[in-house]
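Labels run A, B, C, D and E following the written order; every chain starts at residue 1.
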Amino acid sequence: MFKITNDQMPKLLKAIAETKDLFLPINNNGVTNFGFYKEDCTPDLDTLRTVKSAKDAFFPQSEGLYAVTTEDGKFTISEEEYCNKDFVVFGVRPCDVRSFVVLDKVFLSDPVDTYYAARREHGIVVSLACHQPDESCFCATFDIDAAEPEADVAMWNIEGGYAWEAKTEKGQALTESIKALLEEADVAKEVETEKNCIRTILSVLPNSKLDVSAFGAGKTDDLFNSPMWTELSNACLGCGTCTFSCPTCQCYDIKDFNTGHGVSRYRCWDSCMYHDFTLCAHGTNRQTQMQRFRQRFMHKLVYFPDREGMFSCVGCGRCVDKCPQSLNIVKVIKRMGGNSNV
Amino acid sequence: MQAELIARAKALLADGTVARVLGWRKGDTDFNAEPAVFETAESLDEFVYDGFCGANLSKYMIKNSKLEGKTLVFLKPCDTYSFNQLIKENRINRDNTYIIAVGCYGKLDINKIKAAGNKAILSVAEEGATLKIHTAYGDAEMAREEAVLDRCKVCKGGKHVVYDELASFVDEEKPAAEGRFDEVKKLEAMKPEERFAFWQGELSRCIRCNACRNVCPACSCIKCIFDNNNYDAAQKVNTSSFEEQMFHIIRAWHVAGRCTDCGECSRVCPENIPLHLLNRKFISDINEFYGEFQAGEDTTSRAPLTNFTTDDVEPSIVKERG
Amino acid sequence: MQRIGVFVCHCGTNIAATVDVKRVAETLLKEPGVVHAEDYQYMCSEAGQKLIGDAIKEKQLTGIVVCSCSPRMHENTFRKAAERYGINPYLVEIANIREQCSWIHKDKEEATEKAIILGRAAVAKVMLNAPLQAGTSPVTKRALVIGGGIAGIQTALDIADAGFEVDIVERTPSIGGRMSQLDKTFPTLDCAACILTPKMVEANAHEKITLFTWSEVEKVGGFVGDFKVDIRKKARYVDMDKCTGCGECQAKCPNKKTPNEFNRGLNNRSAIYTPFAQAIPNVPVIDKNACTYLKTGKCGVCAKICKAGAINYEAQDEIITREYGAIVVATGFDTIKLDKFNEYGYNTNKDVITSLELERLMNAAGPTGGHVVRPSNGEDPKTIVFVQCVGSRDTTCRGKTYCSKICCMYTAKQAMLLKDHYPWLDIHVFYIDVRTPGKNFDEFYRRAVEEYDVDYIKGQVGKVSEAENGRLLVQASDLLDNRQIKMEADLVVLATAIEPNEGVRRIASMLTASIDTNDFLTEAHAKLRPVESPTAGIFLSGVCQGPKDIPETVAQAGAAASKVIGLLSKDHLVTNPCTAKCNQVYCNGCSNCEKVCPYGAISYDEQMVIRFGARETTRVATVNTALCQGCGACTVACPSGAMDLQGFSNRQILAEVDAICR
Amino acid sequence: MSMNNSEWKPKIVAFCCNWCSYAGADLAGSSRLAYPADVKIIRVPCSCRVNPMFILRAFQKGADGVILCGCHPGDCHYSTGNYYARRRMTTLFSMLDFLGVEKNRTHVEWVSAAEGVKFSATMNKFIEQVRELGPNVRLEDIRCKQN
Amino acid sequence: MCDCGNENNNVLLPQIGVITDIRRETPDVKTFRVVGRDGKKLFEHMPGQCAMVCIPGVSEAMFSITSSPTNKEYQEFSIKQCGSLTNVLHNLQVGDEVLVRGPYGNNFPVDTVLKGKDLLFIAGGIGLAPLRSVINYCIDKRDEYGTIDIVYGARSADDLVRLDEIKDVWMNVPGVNVHLTIDREQEGWDGHVGFVPNYVKELDLNVDKVALLCGPPIMIKFVLQGLKELGYTDEQVYTTLELRMKCGIGKCGRCNVGNKFVCKDGPVFRYDEIAATTGEF
């Protein structure tokens, strides 16, 4: 195990950025989001949750797929270049780390999404245990341990800096490349203290471990026609805040943009909360916001478990914090599954 | 005051005056109340009205006033302007609405409480001018004043411009706050390149979640032009910095003269972009160019951009005023 | 894909000298959708047009771009050519490479590049052109004239003489209007009644003219060529067919305490009355607010003495609906209220009168039989003061900012006539400017000054008050001599500003005709279309459009009539196909578009629309293509983009922008 | 920007109303009153047809300046169109300024059918202003830049 | 640079197709024949599968392949004009290019369940498009299937897609019975008049068949009721939900009907697989 002191951290980030793209939480005007490291940026490893999750690293909000040019009525297709350079996603919280597993289930299943696969191959995830969990955290519900990240490299806040532990080969390689800046130290005890601290706080948080026994594979018939959906969704604005801040929402749209010198075909995030999500020439099969709302939570809590054997929610709590009208998956779980914390 | 509202709502439901009640329901935390529709007296026990009930309910009346029977809605002073504006644009059926005007002393912003360093908040209690905050890491206090939403700092005053009855705790005389345009003026005083940098910094965070648009009572289009493929303007995300600007300029322009300055756009923005400044800039311009105008003050006046006088200022005013 | 043909014109050397037309054609041929491109000496010639026709046939063109002179020059030529050769005329676009390219640029390379870009923009636009059909709407061959004064009468007579039916709706009991109240007219001093009465009689007798007096327009629907108008015929309580006009009833009516409107309240009239002797129709009406029988059920004198049995106390208002092809507004004017002008003492002193009241005093049929006396005591005046511009050219917002135009002349007229009758009179006129632009006007005014010795003082009257001796004390300033004047007078005559008759706002809004800030109806174009309202089928006659004197009014009445005749002589109207169109699926019903439409072409109603696969009944906008002139104001007012303009659609303009900027 | 400023030619989009300004432009042409070829005119029925979206779209696709010309206030062929356009453009331009976009990239000028001289002079002056500003960067869409 | 090849195995990358023939079938339906630039078939497919057709700058949409897999030269798509993309498609000419990716989805179980069975095809309007592929497949392999009944209806005679093939080919194949109907009386029409669901009931065909249906949602609803009354079980009925497909590969998140993802599990479903779920289709 290694230690990096707080004052070494900026050097470490700079060193990584010299050879690889570095994607990390950056503070912009008081708001922290993942972004690419630049010389003058303000890295922020203290904020528990970025507004948007880390999924942009592998599944960016928009990405070019290919471009089409036309000459004399004939098309020429040029595929966008794939990610071909290693990059580091730094400071990812354990819940977001788990979200990559959810995304993998979608994009790496047959047929493989080649754009995603290329990024995943080149991405190195450095994660950071949740120093001070928040009241909206409920990752333990999905058996995620906020104290024990499962990434290429795991970090913990310790006195005066961070503990650093490589967990995979990719992580080892990264560690090697910046070893000069790391200080070999026996911090196991401090890490243990931090872990205990995290777990203790989590245990007193109101949502830390919700009862999700009412959800999961095979519950479609129990839940689909519940009158509760109308009540829960009444205030839903149909905006995309929850889906765009969510680490596991992976729905996308494919659109064209006419650049004046060709058509660029790109993929961008879409939100099942939008009224035109399933709209096509003949109309839409989800006419009401209740149906769209239900879709989102049924997908995360029932359909996904049905198909993939796991929930597609990681309990990061972003939607709990950010929903403009305070609707969220926690309320859904509590109201439809009973109120008890397990 | 909450008990009074619940009692009134129950009475109006019971005597058949209204068929449903649009209000706020207790959240699973103190600061998590959500707008909700109550159809039975029992369900009203979950009704809440406190400092965290910031949501403007008027836009929900588009949907609710189309339903059978009257809907009782609770409107704060600033919400009534939005409501009037929606009536003006024929989006709400006034006859199907029963409005109880509720008082407001400034609504609280949980983000401000968190920004003050409070993590893992377990409860927040209002005690006069003080907030008592209980967190997993310990207890704290802060002045209520410091935790109110930005919009409430420039409150339009306590007057309700439309209602059927006033709740007892309403202070219609509460004066409007000063300095509504201070932030706008501060930006205006900057150099253009500084302003550009400011807005780039802010707008580059936009994730195009459309919360600002969907919550906005003036954005009541059935289908937004930005969702409409017919105009080549449909975008779902910002794929370039241009689109961030395009969306917010056009959105603000579309509601110019119709925006009541309710501030919901900034309240809901997950990225804390001060979107209200765009709207407020239009309001300040309109006031300056075409005379004082407060959208939603009445239901009949013509919005400034669908009106004119023969001696309006010329667009060159923008260059002339330096 | 579309099949577009591009035709590049040399225009002799006008274009070809600075633009490489061959290169333009060759380059545009490579644009997506373009299947044909050629250049020719003169595209607008017969031979040039035939080239287009041949290409349409051979290449099955679906759109045409002509790169040539300004579309203002030959767009119609090429549209007609396209139609002749079998494709819709609106599938033609012009790229202006002469006025906006070859003529202003010298560098051939530069001009050619620009011509190509302009051509490209036209191609991009025409790809999105849709075939448009000019619609037709039928014309009802009858006109409505609102207002029975000289303007209305003259308009009606001119239209009727051309063989079309005309209805006049007049809200007072008789036609005649303001002019019937006048004594003499300037500058010829004809007797007003002598020249007006024959016209009134003629209008009454004309087989094509129907008079609806004591009637008002209640509701207007429809549009140019096909208006449907509800007319309220107010209860007259006197049977028009039975009444012989003997006048017995008025003489015997015991209730004679109502101020006489016709005489501007200078005397009273009976409850049953005709406004004046020459009234047409010469049938009285009963004032239901004054009549004792109608109020209390007691009296009935008129019914008892009427030998014709024409009195019917049970009469009710009646609403009839008539159809018209055109509507002329001739609602005239009134003098402004003087409540805000207390300095003149009009409301407090009986001897301060308006010039229109003086007109009644001077009239032989007036309340004093033509003797001008002081209304307070009936004595003959010795000194009369005229005050000009009372409420006219007033920037204090008490009055009107405009010049009422007629006051200078009628004051000169009144002064001279008074001097003729009462040579001993001392007459002073306080004026700001004397304005006499008109045939024989200045000569007329000079006569008053030079021959009649009327005392014109450039100055303003500050105060009129009652002197202790019962006369009036006039305090004024003389601007030329820069001195304060105090003089006593027996009569003060105020040249009161005129304004559109009350109720014109209601009429204008029913007609969706626009009015200005002074409530004068707006003409479609101040110079080129002065008698038409911007709303198609609505025409303006007389002072409702702006202050004017009798000759101008009559001239405008004739002009309005000729426009109406022009419209009514058509069997069908061809409508402009480049009109706005509402996509009701996206319409919110917010009414923004309706507010900015200058033609009242947009209406709202509840309709069934299918939105995203679901049916709903909702408030949506509809554009009346017969009224829409295609300005596009609504398209920008519409936030959701539901409103679009055919021929200049959002997509078309955006395509041009894209093509130019790429 | 790889080109240096002397090579750089601004792209100017001019929206002209059919009845006054477009005719004014024609008159400028028939009077042979030159202005740079960088100006490309788009004919619209009335200045009130011009949607702010069109103006932003022009910048997005690479325009360096956008000018709107219409009938003089009071002379609108449709009687009131340019009054609305005037308010719309005033508020829009003020907002662009507020966002830090250069004021001289946009302009409104009233040009009658008889003012060929004015049309030409207006265009010359506007281009000069835009040249001074250089290429449009603040309202560009990088996807539309020709590589 | 990628012309036709796809070295990266990129599932979202289309092929370039060339339109070699366009037939107008009804006032709003055209059939497009598409081959690759080399003049050969773009790919092999099975009856019921779909492909994404795209026009750059407009959009892309999923269409069922209407030609039979037994056709070795080309693919055909019957497309109804009803939206922005189809408007543009209907303006295309022979020789124009389109982008095509696919084939996507599963197929009607022609080589398993349907083998040897009596088949009942029920289609309304453009709903014949996906079934035509199956019908022609079965006709081409006539001896592998039992009797074939085809009930096909449309608003009017003019809206019956490819009436010529139905009359000249299908009606002359032994063991194939075609039952045509139109919604309203029409001059020159001496066939059946009435809605498809009612006609199915009137025909009173025996129950020992597999039914394959496709048509507008309202028709499906009533046909299902009718079949149930006749004694059909949900397991005997197949339908296709290709309308719901968006990205074609089950990742974009639009296509699910309950826990079934049409792109992955469909578009062809045995009715019992979706009946229980949600009614959201």
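FYI, a residue touches a chain if its C-beta (ideal position, glycine included) is under 8 Å from a C-beta of that chain, and two chains touch if they have at least 3 such contacts.
Quick caveat, the model's predicted, so the values are computed rather than measured.
Grouping of the remaining chains in the absence of chain B, by touch, is one piece. The set of chains in contact with chain A as well as chain B comprises C, D, E. Using mean Cα coordinates as chain centres, the one most removed from chain C is A.
When chain centres are defined as mean Cα coordinates, E lies farthest from chain B. With B-D and B-E as the two chain pairs, more C-beta contacts join B-D. Rounded to a whole number, the gap between the C-alpha centres of chain A and chain C is 67 angstrom.
Annotation: 35 Å between the Cα-based centres of chain C and chain D.
Mean C-alpha positions place chain D and chain E at a centre distance of 52 Å.
Distance between chain A and chain E, defined via averaged C-alpha coordinates, is recorded as 39 Å. The set of chain B residues touching two or more other chains comprises 223, 225, 230-233, 239, 305-307, 309-310.
Residue numbers of chain A whose C-beta contacts span two or more other chains: 70, 73, 253, 255, 257-258, 260-261, 270, 275-276, 282.
Among the residues of chain D, those touching two or more other chains are numbered 52-53, 61-62, 74, 80, 84, 88, 143-144. Checking each pair of chains for touch leaves A-B, A-C, A-D, A-E, B-C, B-D, B-E, C-D, C-E.
For chain B in complex with chain E, the residues that touch the partner chain are 229-230. Residue ranges on chain A touching chain C, taken from their complex, read 70-73, 258, 260-261, 275-276, 279, 282-284, 287. Interface residues of chain D facing chain A in the complex, by the touch rule stated above, are 61-62, 143-144, 146.
Against chain C, in their complex, chain B makes its touches with residues 89-91, 220-225, 228, 230-233, 254-255, 302-303, 305-307, 309-310. Within the complex formed with chain D, the chain B residues making contact are 184, 187-188, 192-199, 225, 231, 233, 239-243, 245-246, 249-250, 252-253, 256, 278, 281-282, 285-286, 289-290, 304-310, 312-319.
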